[in-house]
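Chains: A, B and C, in written order; residue numbering restarts at 1 for each.
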Amino acid sequence: MSAGGTIHRGFGLSDLGLRQTFYTFLSMSKKTVVEFSRYPVSFVATFAQTLMILAMFMLAAIVFMGSEAGLSELAGIMVYGFILNMFLIFVLWEIGFSIREEQYRGTLESLYLSPANKFSNLISRVFAIGSWTVVMVVVSLVIVNYYVGGLPANDVMLALFVLFFSITGILGIGFVVSALVLRLKESAELLVSVLQFFFMIFCAMFFPFYALPDEILNYVSRWIPLSYGVDSFRSILVGQTPELIANVGIEIVIVVLFGILSPLIGYFLYKYNERKARLEGSLAEY
Amino acid sequence: MAGPIAGLGYYERNPRTSFGVFSTVLKARLRIVSRYKGALLMELFMPIVFAALPILLGVSIASGGIDVGQNWKDTTGTADFKAYMLIGASTFMVVMLMTWLVGFWLRREMVSGTLESIWVTPAKKYLVIGGVTGYALIRAFVAFILSFVLGSFVFGINLFQGNMLMAAMFILVGLLPLWGISFMFGALILRIKEADSIINLLQWVLSFFMGVFFPVTVLPGFLRLIAQSFPPTWMTNGVRAALLDVSFFFETWYMDLAVILVFAAVFPLMGYGIFVATERRMKKTQGLGMY
Amino acid sequence: MAQAIIKVENLSKTFISKERRKFLRPKKRTIEALKDVDLTIYDGEIFGLLGPNGAGKTTLIKCLTTLLIPTGGAAWVNGFDLLKEENMVRASLGCMLMGERGLYWKLTGRENLDYFGALYHVPKEKRIERITYLKDLLNMGEFIDRTVETYSSGQKMIMAFAKSLINNAPILFLDEPTVTMDVHAARDLRRIVKQLNKEGHTIIYTTHQMHEAEELCERVAIIDKGEIIALGTPTELKRSLNVKDTIEVQGAIPKGVIQTIKEMPGVIEAAIKEEKRGTTTLGIMCENSRVILPRLMEVLLENEVQIEYIKPMEATLEDVFIVKTGRALSVDTAELAKEKGRDAGGRD
């Protein structure tokens, strides 16, 4: 006799073993990539848009500087900040906001009916986002590099190390956002847009930190872990002393901690809100 | 009330009921948008955030010992780059709103199926669209004023410089060709599935060519020509010239205004023509319900 | 005696809704969507779940499919504890709960099925095989390789049905699967449901169409106000009414007259079955139609009712529903359409 006196009739075609769990995760990742590829216009559009924004800033910078002396260093600061910004925007929308879209379409409920791991639905998007952004980053680097005649690139390995943990940290932000989106519903879009600009300015993604007024720098920017990711990543590449903490080692420690803790916090917050949503029955409301 | 069924029922076509279509649509849109307070607030802050990015860039370059004001003046005619950016960002917001609101409205109505229910009424389409764009005009104008005033406080810009009346005139006249452009966006949305991305892209293309962050005069010859065939470029420059020491494209304000007036005559007609043609084609091929 | 495959004990679900008030703290309101429900569903049966809107039908299904966490009670599905072994429960179920929603628009039908198959941890080879099998079974044509955004409403429904079958689960939850299908497609679906049942699947089926329930279900439960108010085979339920006859009257019937009819001796219950363009169809349950008919005619004529027809009929499940809940299910369905506009809650 099985639990509660009900008999067990097997799981049909389901195989809940570890191997199939892994394959399920692969299928989820593949599906996101396929879905992305069904929006070719959007792909080209995001790409062109990215270059357009970059070009606008570069032109403004040239007019500001009066001559092209020192342009390459400035371009470095802008472009390297831009790379992190691009990851951030993709993660915010494609991981954070995507939950809302799934809720709206009813696919979130379908997901919750299945025995698949719900959190891996979020993680599985990383591949699609990753490959998409990497392509864009590489192309914009090549173009800007050509335009300004060589971008500074010191200690690339260390920079990649910092980039890795910055990205996992950004993923954590995405998880937190998706946890909030799960409950926020209508105002989710607003939240994501506001966050996008919030980080863009307060993490000084397009300009050096010293452009920010001291009050903002001390009371806002320094309290956002991502700021240290932006700062150390570009200082390492440009070959300058970081602006926030003069010792790059300390900044790297902060970034690594951010990169580890932020996804964990995101995970638990998501689990917590998911439970809440299932208690309130708001998983499928739209 | 039950009445005898005869003729066209309660349908009555006269200028009063026609205006009724226009004003009802306009009021309905304003009423609907007033329920989205968050989005409205966002609109107010967007241009400020948008202007903040290049302004901070300028500030950071200045702290490197470079005379940013002088450099900016050498190219544009004014050293007040903060005001320059804020005007650029605010006019860009106007362009975004005009194109996005009309386009987005069409999209929404298509997805929710209400577009078909509007189209089956005997109301003339230009009255319905006129109502929607009229609402966009009001919202865009108000957004410009508010964000410009608020931005001036944030960046410490002298609000009362230059000829404010002339600036207002450039905005109002400049909105008319935008009206036409919004029709073209509408047509595009009717035709293309991934309209959202296209609109997004086009907005950035527009912002690039209308010189939001830099004078279009720095662009090489052929790009500059493209830039100057966009009506918003003239609007932005006109406002800047009226308020700051930036020169008009044709040296005198009335020549620039005349160019915008020509745009204002051509673009709405062209836009509406394109819209109607697209719609007719849609009806022949697949119907409005498909998206 | 068949063995239980789903067992529900004292299951309850309470929602707390906050009513927003200006300047004041939000007023809390508790809604008991399920009140200590006990229910056993046996292995290999087709079980019908009927109930008016907002009766708790959807809440019960959502709880049993793990979408909602119940407030109290316990349940076991396919040998697993609903609360402690959620994933095992999920792996035991195939669900079609939200009509044509819940598909990815930008994926083709085949890609959708493959994806959801993966979510149910079905190995790749079996998925491919299963999709081919389902394509034949459900008569899906070339549309299986088009993206879902191009589908008609009926095609989406078929795809949603296919989705629920992808893992070949022992238990199927079908929540109004035929609601937007045309007559032919609905008939095909019922045929397949019967076939699946013969193959050994247990099926929990909800519908607003009584003839469907009568045709398909071996046992039926009627839920109202969060409680199961009737349970049994359709025949048992009809017999339990103590109703020998029912009379159907169609015509222009003023509301007040219905109350008068209800109060007539020998009448057990009377309710509107359908209302269309001023014509009302009234169902009257009584002990003996022959005894009552002359007096009924008098009442109708006294009240100047314009009668289109009167006919004595055999009791149906619909009549059971009317006696138990005081409303007709068909009227309920019409109301549902109206409510959809303002109601953000679940579908019932």
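To be clear about the criterion, contacts are C-beta pairs under 8 Å (C-beta built on N, C-alpha and C of every residue); 3 or more make two chains touch, one makes a residue touch a chain.
In this text the structure is predicted, and so the values were computed from the model without any measurement.
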| item | value |
| --- | --- |
| Chain-contact steps, minimal, separating chain C from chain B | 2 |
| Far-end chain from chain C, centres as C-alpha averages | B |
| Centrality ranking, top chain (CA atoms only) | A |
| Leading chain pair when contacts are tallied as C-beta pairs | A-C |
| Euclidean distance of C-alpha centroids - chain B vs chain C, Å | 50 |
| Where chain A and chain B are represented by their mean Cα positions, the distance between them in whole Å | 31 |
| Chain A and chain C: spacing of chain centres that average the CA atoms, whole Å | 43 |
| Contacts with two or more other chains, residues of chain A listed in rising order | 39 |
| Of all residues in chain C, the ones touching two or more other chains | none |
| Residues of chain C defined as touching chain A within the complex | 3-7, 9, 15, 43, 59, 62, 65-69, 74-81, 85, 87-88, 90-95, 97-98, 101-107, 111, 114-124, 126-127, 130, 147, 163, 166-171, 200, 202, 344-346 |
| Chain A-facing residues of chain B, complex | 38-39, 42, 45-46, 49, 52-54, 56-64, 66-68, 70-72, 74-76, 81, 192, 194, 196-198, 200-201, 204-205, 207-208, 212-215, 218 |
| Chain A residues touching chain B - in the complex, by the definition given at the top | 39-42, 44-46, 48-49, 52-53, 55-57, 59-66, 70, 74, 78, 187, 190, 193-194, 197, 200-201, 204, 206-208, 210-212 |
| Contacting residues of chain A [partner chain C, same complex] | 2-17, 20-21, 23-24, 27-28, 31, 34-35, 38-39, 105-107, 109-116, 275, 278-281, 283-286 |
